[in-house]
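Chain IDs A, B, C and D follow the sequence of writing; residue 1 opens each chain.
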């Protein structure tokens, strides 16, 4: 579908992604190289390891108005830094728990394992996540604003 | 039933002995104020002042905050630091804090001599205030409280009051399962038999709510927060040299604005910082001027940390820090 | 501060979807941007020149290139800006090709908007980038090779040949590895021992090689150029200085011919004092502590006969393990592989039916130096009908998903050997596509078929079952008539070493989903691990045949030699650092760091920059943000978050 | 001439006033604490006092001064003149807090006229409620020692006193009379008996104030003890949490910040506290009040010395909030008495 002049289109979610350099960022690269199409909603921030993702970044992104946050790293056991993704899993699942307990939209946060060869999976994750966020509408609980 | 007077005597004697021998630099304990029934922190430097040390169910503060201050103070240039241990009076929950502080390399064991006192619960001053409604205002400062089993007996020069414990106890004491100090040099009191109960019953109602209801709940509560940061300032585990919430250079983690998003951010981040560490001493909630049930956040994470990662803080110095460690079998059910 | 933004058209790869002119124009409005241009191929010589000229003429302090993935060209552009006199670390890339134009080819408007956002984020980050200095550390001119299979042997010889001291640590009593167990090697069918043993001898004789057999690496400290390795030399109970390898002791041993011989896949027997095989290097005897009666009970008859038999007085039951430390600059891991245990799949009957053996067992059976001296026999009889089953434990959703790469060929080899040794024998191979991709492989496979070996195809998940029938085994394969065979040979998968968790923990190198050690890049850096200074050779990185093993081993040797030859190495300056005033000394980062790169010194965390790999885990863990990762600080990340979510900057 | 209003008529009054275009604030129970919030009905008659002082209506904890726009490297401030808008009614202000507003009035018009405060203040009508149960938790009120009383009319446009099922209403200003006018027949003339009752209630309340501070000689004592080690003594236990100041009805320190979120900028001011170490830190890193004792001393000096000198009124109105809230029972009466003792 061509969307010239699509500026008038309805609301588009803004999704921030934190992707590890070695697997998930490379997986996203592969999706591109393979010309797999997915929504334009995601802005990826490259970190060296999913272990670099401080839960505060996720909360900050929400506060700044992100409608969804996706953190992606290597599959368990495949971490380029041996164990960074295990640490990320521990911290971020607990943070997700906290989102749940405060009722601040836990479903706007998603973690995934995407390897360098999973371009297809990456695109699927982004597509599904975008759909989910679209259903939820703009995030206001942590940003306080209209988005 | 606790005989507060007897415990008080033992505390005083021990403190006096340590101060006389010079084994400790000073003793951090509680004293009874002149104008309030509630006890307050005191620092005893001389053996002859040991008699000021008080003990009772109104000894609420977690004094280990001052221990952190003591070890963090850098000696002035050219001054030989006095590295003698400091004596401190702790309740069981406060002693758990010391375990965490030792675990986290903040308080070396040799810098502290611990008078560990058993406790079957302390009284919430706000609840006490309600109970004293009919006591003449000028008598309030002088009341005496005795342990009467299921009741507290409040004595003053009128008809003594008997108030069910449940009405007066601090919330944290109602759910506490550790009634004996876990680390101490001197154990004061008779060992209390541990009780077995659902320690997280107090958050069950919140957990049962829908996300939306919980959000509304927290919205109401957190909108009250004036971000005085007293909850942080009183927490012995908030010992950071510079708290992220005070940082303005080169960036601020949160704005000074006092509004709902910033308040949420503050509370969620602090909860994360205390996750797997909070020993539920209740300090934060007690000092909150706006009566925000901060402990519920901490306790929820405490519960999840236990369920998910088998982490229980404040018990064993050898345990690894929750976020310094991981297990390959940690759950991650929501991960795609 | 002056930032230059360069938007690449990438031919039409980017400009076909993204309006690069619009993006470049937009970039001009961003704070601190002094110049913004677009060009056909930013990475080409003229493109590079464009950037260099601007840096020099306009005095740019930071450069942002919006083009392809930084995983592709970041090093290129870093070098470009450096050549123009700018600090390489003040450079940032926005990925508007892989993450944008190629992924949103039908949404030109939105793709352009996204490209602008990506540029904005990069500019925001770039503005906060600070110049970093590369540090150099001297290199200890010695290498360690772990594992003495063909890979380790090849690597050790090549490093040693370059003139550097090389330690070769092998956990078993002899080097040689799996190749020593093989009879002939496909596709040329030369005798394995004939090509391997001369190399083994070279190792033993090489003046630059110090061979440490029956030894294990128990600890590694330090970092590239400066590793300190702890090696445990296990007690052999034989003084290898004195032992002349005559074997009189083994003859005398009370357990002679009573101990299972693992070299022969337990098909033969040995003594409790043994050499694994006659051509072992070093040819020194070792007492098996698990079996030796004296070592187990403190008594062996009146006196141990081996001691009496040894003319060289070499036996010493009191010997103890010895711990030594080695200083080396680089390390090559060549720990090889293990084989899939087919008894995990009961349908094959392995372990229950005598007629069912593995390929490796077949190698020993067919080997002239094996327990049957090369006669293929089962239950004392020469088989007349032999069935080979491929892909046992490979390409299997429940077992290993990967292809073991050598089984097709060694099965062809085995089939050929059966036909060679038992001319009348009927040979059937159950296979699922034969993968004969190597040089000379297809030719070999065709030749084996021409020899009369019957290849039957079955789908991987077709049922197959082997059942016992007297002294025969019946192979029931779905879609095929049952075959009553005398011998069934299973081509079992190549797997990572069973005890690999230990060694991977010691070495701090990561493994992939297949459990093999993970290379940094499967194509461009197949021998590099994520830990600089540690390289991979042979099957520990993935299944390989001997030619590939040797090729990779030589590559690893070359890689490991480069730092030794340079004498000093640059450290990546993108490490973590501690803001001392903010550090409370809680030690959380120390616990979290996977590389033990942080220590508490006087109540403050201190980073060893040479050990730090720049993962940033510490930084995400520290509550007060006292430890930060250069080039990826909290501040930089927050500004990326903020800029990505705001309409304007 | 005094009037009365029945308690069950208050809600109606609020509605009437609101519909006349006035914004009404009053004590509202909010998640367990009483705060000054928009009032859309009656007000509780049994509240002691609001947790946060009503000053927040006139001087909110966070207040946007102006917005600015950022476009690339260009920043444009969108300063708009502060214009009078709707009138404000503050209902249920305790006399101590009303006296505190007088301190703020003086402060915000002292050397510089603060448009944000003054604008709101000019619009505000303040209706006080006499205290009948002056009982901050664990008895900490001491208004009578610092020039006030549970029924002081200082700073008020009206004073209402609870006499059972009705309030006795006294109006002192035009603004107060305006309310009477708007209320119309919701108010009735007070009977002699009502007035008598009011007098009794007021007297009884005054007798209930048991905490006393002798202000005699405070200024001298403070001046004499600036460097006294006395300040160490109790400051050691202070947590520096700042509750004492943030909740103080006369405290007025604020911090100005530029906040940029989601691309939009605003300049805000937010309450600050002299109890925070960051409060006085200089850009150089030097901090003239490095220790808790300096900061505690500043609080006391400000209330009992500087305020007198600069504004000619005490900076403490005896509401008792700091005493009842301080987590470590630092009691400003004891502190001041102690300073006097130390000066001897």
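Just so we're on the same page, contacts are C-beta pairs under 8 Å (C-beta built on N, C-alpha and C of every residue); 3 or more make two chains touch, one makes a residue touch a chain.
If you're wondering where the values come from, they're calculated on a predicted model, not measured in any experiment.
Trainee: Report which interface contains more C-beta contacts, comparing A-D against B-C.
Mentor: Contact tally favours B-C.
Trainee: Could you name the chain whose CA centroid falls nearest to the centroid of all protein CA atoms?
Mentor: A
Trainee: Could you give the separation in Å between the centres of subunit A and subunit D, each centre being the mean of its C-alpha atoms?
Mentor: Result: the chain centres lie 47 Å from each other.
Trainee: Could you give the separation in Å between the centres of subunit B and subunit C, each centre being the mean of its C-alpha atoms?
Mentor: Distance between chain centres: 51 Å.
Trainee: From the mean C-alpha coordinate of subunit A to that of subunit C, what's the distance rounded to whole Å?
Mentor: 31
Trainee: Using CA atom averages as chain centres, what separation in Å is found between subunit C and subunit D?
Mentor: Chain centres of subunit C and subunit D, defined by C-alpha means, are spaced 71 Å apart.
Trainee: So which bits of subunit A are touching at least two other chains?
Mentor: 56, 60, 63-65, 77, 83, 87, 91, 143
Trainee: Which subunit C residues sit where two or more other chains touch them?
Mentor: 592, 621, 634, 638, 642, 645-646
Trainee: For subunit B, give me the residues that contact two or more of the other chains.
Mentor: If we look for residues of subunit B contacting two or more partner chains, we find 244, 253, 259, 323.
Trainee: Classify the chain contact graph as line, ring, star, complete or other.
Mentor: complete
Trainee: Flag every residue of subunit D that touches subunit A in the complex, lowest number first.
Mentor: 261-262
Trainee: For a test of understanding, state which residues of subunit C touch subunit D in their complex under the given definition.
Mentor: Residues of subunit C touching subunit D: 29-33, 642, 645-649.
Trainee: Show me the residue ranges of subunit B that touch subunit D in the complex, using the header's touch definition.
Mentor: Per the touch definition, subunit B meets subunit D at residues 33-38, 40-43, 61, 65-66, 125-126, 128-129, 132, 137-138, 140-141, 220-221, 223-224, 226, 228-230, 233-234, 246, 248, 255-259, 283, 286-287, 289-292.
Trainee: Would you mind writing out the residues of subunit A in touch with subunit C in their complex?
Mentor: Listed in rising order, the residues of subunit A that touch subunit C are 1-7, 12, 14, 16, 21-22, 25-26, 28-33, 35-38, 40, 43-49, 51-54, 56-57, 60-61, 64-66, 75, 77-84, 87-88, 91, 115, 123.
Trainee: Which residues, counting only subunit B, touch subunit C once they are in their complex?
Mentor: Those residues of subunit B that touch subunit C are 72, 104-106, 239-244, 247, 250-251, 253, 273, 320-321, 323-325.
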